[in-house]
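Below you will find the structure I want to go over with you.
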Amino acid sequence: MRVLTYLTHRLLFVIPQLLGIILVSFLLVKSVPGDPAVLMLGPTATPAAIASLREALGLDQPLYIQFFIYVKNLLHGDLGTSWQTTRPVLDDLIQRFPATLELVTLSLLVAIGVGVTLGLYAAKRPNGWVARLADLYGLSVGALPDFWFALVLIFVFYTLLGWAPAPLGRLDMIVIPPPSVTGAYTIDTLLAGDLQAFGSALSHLALPVLTLGLLNAGPILKMTQSTMEKMLESDFSRYEVLSGIPQKLVVRHALRNALPSIVTIISVLYGFLIGGAVLVEIVFSWGGAGQYAVQGVLNSDIYPVLGFVLFSAIFSLIVYIVVDLIYVLLDPRISN
Amino acid sequence: MAETSAAPLIAIMDLHVDFPGANESKEVLKGVSLTVQPGEILGLVGESGAGKTTLARSILGVPPTSGRIAAGKVIFEDRNILDLPEPELRKLRGSRLSIVVPNPRAELNPTMTVGKQIAAMARIHLGVDRAEATRLALAILRDVHIPDPRRRMNAYPHELSGGMAQRVVIAMALICDPAFIISDDATSGLDVTVQAQILSLLGGLAADHGSAMLFITRDIGIAAHFCDRVAVMYSGEIMELASRENLFLRPAHPYTLMLLAAFSHSPKLRDAWSVPETGVRQTQKEGCSYSSRCPIAQPVCSERRPPFVEIRPGHFARCHFPVSHE
Amino acid sequence: MNAILTVENLFKQFPIAGSKQVVQAINDVSFSIQPGETLGLVGESGSGKTTVGRCIIGLLEPSAGTIHFHGKLISDRRGSRRGLAGKIQFVFQEPAESLDPRMKIGQSISEPLLPMKLDRTTRERKTLEAIRLVRLDPDLLDDYPSELSAGQQQRVGIARAMVTQPELVVLDEPTSALDPTARAEIIDLLQRIQAERNTAYLFISHDLSTVRFISHRVAVMYLGMIVEQGDAADVFNRPHHPYASGLLSSVLLPHPHLKIESSVSLKGEIPSPINLPKGCFLASRCPFVIDRCRTEMPPMSIVGDGHFVYCFRHEDVAASVPASDTFNVFMREAERILGRRTSTGLPIQIHSN
């Protein structure tokens, strides 16, 4: 029951949070120099043509009116149109967002697998070689740029070894994409029963997932290691040792207490990677949402940018609510 | 009760525990030897910093963080348990040798219900299944007089009062019917009426189960009424060991006399048995570690460490000049 | 009969967040303190004794009732305390927590002088006096709290309280966190200061033997009410309230043959101060309980000079055990066992090996 009341409480706050985010992004995007009308018409445009296009786009209105109109359209499901793709932003994002989501989710799973396992092992044996390796790993991984790491992996596994497919998107050229249900190729190909397409999607995912997964395992590893060390040194862990509880159980109980911190960093990474995966998306020609937003920024195409911000904000808020729910379930002290 | 020749239940022999620091290691236990007879309650009194908690945990082979057992033996059931491999030792802890800790709410796992924690002890040490463990946990909660035990089983440690949490920790220490219980400052911080109940509970349960107890406390008043024999600890050493009659009515070591004087609230007596505080804590390298605070110290006290002498049957003091009451 | 502090019908409630219920911390407490007198306030957790102390020094505002200092009301608005100028002071329980770890000892001690607008020389002089009063080396004024022992830290706490030359000091468990030796020294110090400066103390504690030793009068609190009040010797030698008797029976003196006799051994736990029962608060745990106790609050009965009790059956309680001054008996026994020093400072008989 306390879960339900907590949930309703949080959901009530989502609307004002979103409004605030959109307002700030709107103002920021509008303050970027660059006149969309000029960019759209090209360098040979006459001042009159520019002026009339500005009027048509509503760019001559005061800012607050422009914002009003934007929010009004949002409520109708109209996120505006991208002048680069000439399609509604909503359609563009529905096509691209799942690509990023699929990539980021799988990468995060790899990151969790590597990070938590190594972190646990390092915490159990703080002087062992795993701990030392983990320290090195955590340090170096933070210093490596992801696109560079991606290129190295491509060089090794595609150019030299020929194990990976060419980094040209999510599927082989000859493979037809499955009918879109979720937008994630791994799921959709299985639903359609197209095993060949499934294999192709998986092989194209391998390198980018490895890149993002291994690099982002670093912070997860560090957090797991340090929190678990603290938990294993705490009074209650020592008491369990004094009471003769076997070490495996002591570690399991300590992990339960360490989970909130680990879950926090995972959720932060998740929200970050939606936009933070963009460089990897570009290297692998992924056609993801991050790429789309960056193009919008470079071309003063504001609606894709705002649309992307809205999508990722909603996504992050959902992730945070889920995480907070997990907290309430994990730690009985919080609900009071 | 004189030192009998009956075999002790547990014998701690010349235990040395130090804390290796960055520059030099600090010796916290300097050769502690104690025996506890079956069914007896041995009290251990001393002030903070004497090493009582270090001793309590080191007996079970788990010295406090960064501590190291440098030397010594703990003989229980004919073997030195400190030599046992860790998994063997774990089997003994909680089942044959258990400990009651202070500040129970900090020592219990905050994310598990107390019922689960108590039952876990039974499952692990007695090997019973979940249902049986729950039944045993309920029974022991009744034994420790927790009102409404069925409901309290599902409570989390932070939801309990200090007295309740202390009873839970006692329940955990007793559920496997141990032969030896270490009670480390188990009643400090409790209200005095709750303390009285906990003491009578502990004493009764120990008697019913036939267990022996090492009762560690800073309150010598409790020791005078609750313990059969009492040991006085100072700076990592046992300074005096006697039956409670002898210790409180015929104290021999100047430190014991100083403790009693402090509890008597008589300024005259305190002045008689203490040396004005200089504000600098000097560590004695040679001789008796108490000599810098001792009002009757003689030159030999800072040269030679006093031996542990038997001044009457069963009454020992580590002093060159133990006080006589003849 | 000019009391310096008079507390009349004090009440204090704390609302509980997220509910309409309140914690009734203080329920109709009245007492007074004479100049130079120590009133011991004893009770266990939930008795409200700490809350009483905080109301007196102004950290909390009472929900009802009045507090008068030298006849002047100090409990209504904040403004009425301005004339106090450090005449009422406070000593905390945990010396390490009440001293700012980043302030030097000298700064901590002179802090209460700051609102008094004195010049620097006067402040320094008073700080020096205060630290000498507590028998600490003035060199320590430049040290930080972490460099001092717990006993020394508590002396600093007392110096800080005494620097404004207060008439009344409220001490909340000043020795509970200390070892027996440090505890005895602090009590010694407090008595010496009282003899020199005629300071009155409100000594709040759960340590009955210390309270017995240092207090002239004592008030026993249970769930926010004073159940018995009187001269320390009277109350401790022959308590008239079952709770006072039960409390005393749990005191263990370091002498195997001496026990404080009592017909009351209290079972169970203290009930919650949120839903106080109708009638006497002790009824659920009291061995002397009769039907009347559960429905009616007992009125005040006067059982001696300045000795009050709130119990229907106080006569039975008092008659159930003979009066005995066990504390004094223990003192005399202690002197017999420990008092073996000659004028030359050596014990009379020493065993040497």
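Note that the chains are named A, B and C in the order they appear, and that numbering of residues resets to 1 at the start of each chain.
Note that in this section contacts are C-beta pairs under 8 Å (C-beta built on N, C-alpha and C of every residue); 3 or more make two chains touch, one makes a residue touch a chain.
Quantities reported herein were computed from a predicted structural model and do not represent experimental measurements.
Q: If every chain is a node and every touching pair an edge, decide which shape results: line, ring, star, complete or other.
A: The chain contacts form an open line.
Q: Applying the document's contact definition, name the chain pair with more C-beta pairs in contact, B-C or A-B.
A: Contact tally favours B-C.
Q: If you average the Cα atoms of chain A and of chain C to get two centres, how far apart are those centres in Å?
A: Distance between chain centres: 60 Å.
Q: Report, in whole Å, the distance between the mean C-alpha point of chain B and the mean C-alpha point of chain C.
A: Comparing mean C-alpha positions, chain C is 30 Å from chain B.
Q: Can you compute the centre-to-centre distance for chain A and chain B, using the mean CA position of each chain? Integer Å is fine.
A: 55
Q: Please name which positions on chain A make contact with chain B in the complex.
A: Residues 233, 235-236, 238-247, 249, 253, 256-257, 330-333.
Q: Please give the residue numbers of chain B that touch chain A in the complex, ascending.
A: Against chain A, the touching part of chain B is residues 57, 60, 62, 65, 86-87, 89-95, 98-99, 101, 103, 106-112, 120-121, 124-125, 156, 158, 172-173.
Q: Which of the residues in chain B end up touching chain C in this complex?
A: 47-48, 147, 161-164, 191-197, 218-226, 244-245, 248-252, 257-270, 272-274, 277, 279, 281, 295-296, 307, 309, 311, 320-326
Q: Can you list the chain C residues touching chain B in their complex?
A: Residues of chain C touching chain B: 44-45, 136-137, 140, 149, 151-152, 179-181, 183-185, 187-188, 206, 208-210, 213, 246-247, 249-256, 259, 265-270, 330-331, 334-335, 337-341, 345-347, 349-353.
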